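Sharing a structure here in structure tokens format.
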Amino acid sequence: MVSVTVWNEYRHERENDEVGEIYPEGIHTALAELLEDAGHDVRTATLDEDEHGLPQAVLDDTDVLLWWGHIAHDEVRDDVAERVVERVRDGMGFLPLHSAHYSKPFKRLMGTSCSLKWREVGEIERLWTVEPGHPITEGLDESFEVPEAEMYGERFDIPQPDALVFVSWFEGGEVFRSGCCYRRGSGRIFYFRPGHEEYPVYFQEEIRQVLLNAVDWAAPTDGPEPYFGNADPVEPIEK
Amino acid sequence: MVSVTVWNEYRHERENDEVGEIYPEGIHTALAELLEDAGHDVRTATLDEDEHGLPQAVLDDTDVLLWWGHIAHDEVRDDVAERVVERVRDGMGFLPLHSAHYSKPFKRLMGTSCSLKWREVGEIERLWTVEPGHPITEGLDESFEVPEAEMYGERFDIPQPDALVFVSWFEGGEVFRSGCCYRRGSGRIFYFRPGHEEYPVYFQEEIRQVLLNAVDWAAPTDGPEPYFGNADPVEPIEK
Amino acid sequence: MVSVTVWNEYRHERENDEVGEIYPEGIHTALAELLEDAGHDVRTATLDEDEHGLPQAVLDDTDVLLWWGHIAHDEVRDDVAERVVERVRDGMGFLPLHSAHYSKPFKRLMGTSCSLKWREVGEIERLWTVEPGHPITEGLDESFEVPEAEMYGERFDIPQPDALVFVSWFEGGEVFRSGCCYRRGSGRIFYFRPGHEEYPVYFQEEIRQVLLNAVDWAAPTDGPEPYFGNADPVEPIEK
Amino acid sequence: MVSVTVWNEYRHERENDEVGEIYPEGIHTALAELLEDAGHDVRTATLDEDEHGLPQAVLDDTDVLLWWGHIAHDEVRDDVAERVVERVRDGMGFLPLHSAHYSKPFKRLMGTSCSLKWREVGEIERLWTVEPGHPITEGLDESFEVPEAEMYGERFDIPQPDALVFVSWFEGGEVFRSGCCYRRGSGRIFYFRPGHEEYPVYFQEEIRQVLLNAVDWAAPTDGPEPYFGNADPVEPIEK
């Protein structure tokens, strides 16, 4: 059981009827239900809550944070974004989803622009597993399709992933590094591309499997807490 | 519970009294006891058994293989070495220990000479964790010492690790990449440096912790089995 | 000026009329002319020559070796393959092209099966640059097409590249890591996918640009020659 | 010939007599002379100049930027730090030296805290080359010593380097990843550890060799400029 917080901007669902029909209670609720059904301890948090629903106490109690945002990245307070970044460095798992490639926490953790190409015509996306031994691929076939997707295309301006798990093929001619693992500080990050709000992507079985795997993978382990600062010479143990 | 096979050359312990005192029933037995106590399903296999104790059926039933060898790498049959390599590619975890840097399976999986510097004067080794969020560091302090160690020094001729977990400092002036993770095919590999036969290194608590962590980390996950060969164009699913 | 050797199996061109029309004097000659025009010192070598045209003296005098093979990988002598591998470790650049993914030297240097999917229907391949700051992309647009290509599809069973430069999109629905950089020993390796013998791929301007860039990138630099073996403790210099 | 700008905080040299004796005209001047002698086109810039000597026009005309800072990281204006970061993403090489691990541009490009251990007792540092085929090691022996150094010790909180070139051994018992290569955006970054202001480290031959190599390595190449934004489906070329 992992302590998961699902963060969502929660704007499209309330402002756009079509999106509201797919996710009547918001993308965060759909994802929270999935994770609860898998036995995790799940909270949600949204942009318009106080401190965006992410006071320090919530983050301190979060093992893995999912993040969905799109049209209101700029409304996320800098201090809250920084708080998220600090918790990741401290060991919290972080799963930025789809348009969260442009979220403040992800961009700060990557150090790059995280820019990309995009197109919104509902084309086919096919995700290919390039690292079949990676735990995030558990239970999957080696490729699967999202029937209607917003396209994201390379050049995706990110640091070279520590592990590249999925590469997407798009009907219109592009490719994309769709599943990217990073370690930053003591925390694990998995960027996962699919998830456009206008298609019911998060109800698709393979997508749900990936998210479940990613939560397990990103959960913190109890490694050493490094000391930083002025250090005495090491006193060797006596032989 | 992981199905583990501990392979040992098992020569030093029988031919050298001092080594035999430390490991009267062989390094493999000491390691097997550790892993059994942790709840794993453990077998041992040694060089002088038929097929070195590694017929196909044993490997097929092995999730993680530990490998200790030193003076008789050349006596390992090529077909058995290749069988191990194939099983790693197929998903089996592989933990080459100490002088197994020169074992046939490890060298074949790396594609490099795996050469290094060495010195045997029982000097202090201090392992520093450079990746504190990695599961293999669970439960450890950020550094620990092996009071008497054979030195291995850089240049260690290996491919750049997918993740570098430990770096060793040696009393005599060298450094070494002591804990190196790789993925090859669908299998995970963790090379771990400490473990010289003339010192009771495998009874040291931190070393045991690393081995337990590594077995958990290297155990296979049930990812896709890729298809290789001539392929028809992909038939997109109907939207 | 780099000392380049272009190795070619040189069978298709002599046995298949269509291939022979595209490369009347062999793929090696076409590549050699390109590299000579760029000012390099170029030799060719082919399978049916003595020692496959690669006696030790030739390799010792080679900075970068291009390798094209397809139907006769097995006819390459093991000792010559090993000689190539040793020279790469010793610093020689190595550029396995297209079907050389299955060549003996590449497979030994990778330690993996190097298997993949393939299809031969002359479909469109589009290569996307995913690492635009890499020297191998110099002078290129961010994507370019090979109008008729044999498809290679993921899962490509290789170690994670040290740098992934190109990813291919294929008309029939696959993706592929098409330009992969590795360092093995002191040598640099660049696997480049395009180059099927039935299409005039090596006369295409972008492909030629990539090959020229890759030769420059893979040329050895005069770094330290590591010492391997038994080592005395380091005598610190006097302060 | 590379267009190089050497940036220096330039405070220690003016405020501390001992440092002033070693670098009477500042570390930047010592480094600039080295690079000029190597044939590069060199400028210097310092903290107390207008815009820290780094107006946009200077950065636009800079191929590689060296950065030395220590006690006044906070005085660097955020907009200038961001300007540097943007130019790196745009292709400029960036060489943060020693205590610049804590500089604003480096921390933003890394996305991590860049924290470490330190100790200032003038102990011996020995740098070991772990990647002898890397261009930054050209002309070096496989290890060399800095006779009096400030210690930096692991855990160094950085992303896993794209290439790890040097690892340091310290007399007092620590190790450190001393030479780390990254690609961020289209730019190359090389962090190089030695260089404490109280010792004449930048006059040491091996250190100078590394800096010269690093400037050559980090100089931009003329790769594609990616398009970011809304994109039409790709129109395949006519076969």
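Which chain is which? They are A, B, C and D, in the order written, and residues in each are numbered from 1.
As a working rule, a residue touches a chain if its C-beta (ideal position, glycine included) is under 8 Å from a C-beta of that chain, and two chains touch if they have at least 3 such contacts.
Bear in mind that the values here come from a model prediction, so they are computed numbers and not experimental data.
In terms of the stated touch criterion, the partners common to subunit C and subunit D are A, B, listed by label. Following the contact convention of this document, C, D is the list of chains adjacent to both subunit A and subunit B.
Interface subunit A/subunit C: over half of the residue numbers present appear on both copies, so the contact uses mostly the same residues. Put simply, the chain farthest from subunit C by mean CA position is A. Chain geometry summary: the mean Cα position of subunit A and that of subunit C are 36 Å apart.
The mean-CA centres of subunit B and subunit C are about 31 angstrom from one another, to the nearest whole unit.
Contact with two or more other chains is made by residues 126, 129, 131-132, 142, 153-155, 160, 162-163, 171, 173-174, 183, 185, 224, 226-227, 234, 236 of subunit D. Touching subunit D in their complex are the following residues of subunit B: 126, 128-132, 142, 153-156, 160, 163-164, 167-170, 173-175, 177.
On subunit B, the positions that touch subunit A within their shared complex are 91, 124, 126, 129, 131-135, 137-143, 145, 147-148, 162-163, 171, 183, 185-188, 220-227, 234, 236-237, 239. Against subunit B, the residues of subunit C that register as touching in their complex are 85, 89, 108-113, 115-119, 121, 123, 151, 153-155, 157, 159-160, 162, 171-174, 182-185, 226-234, 236.
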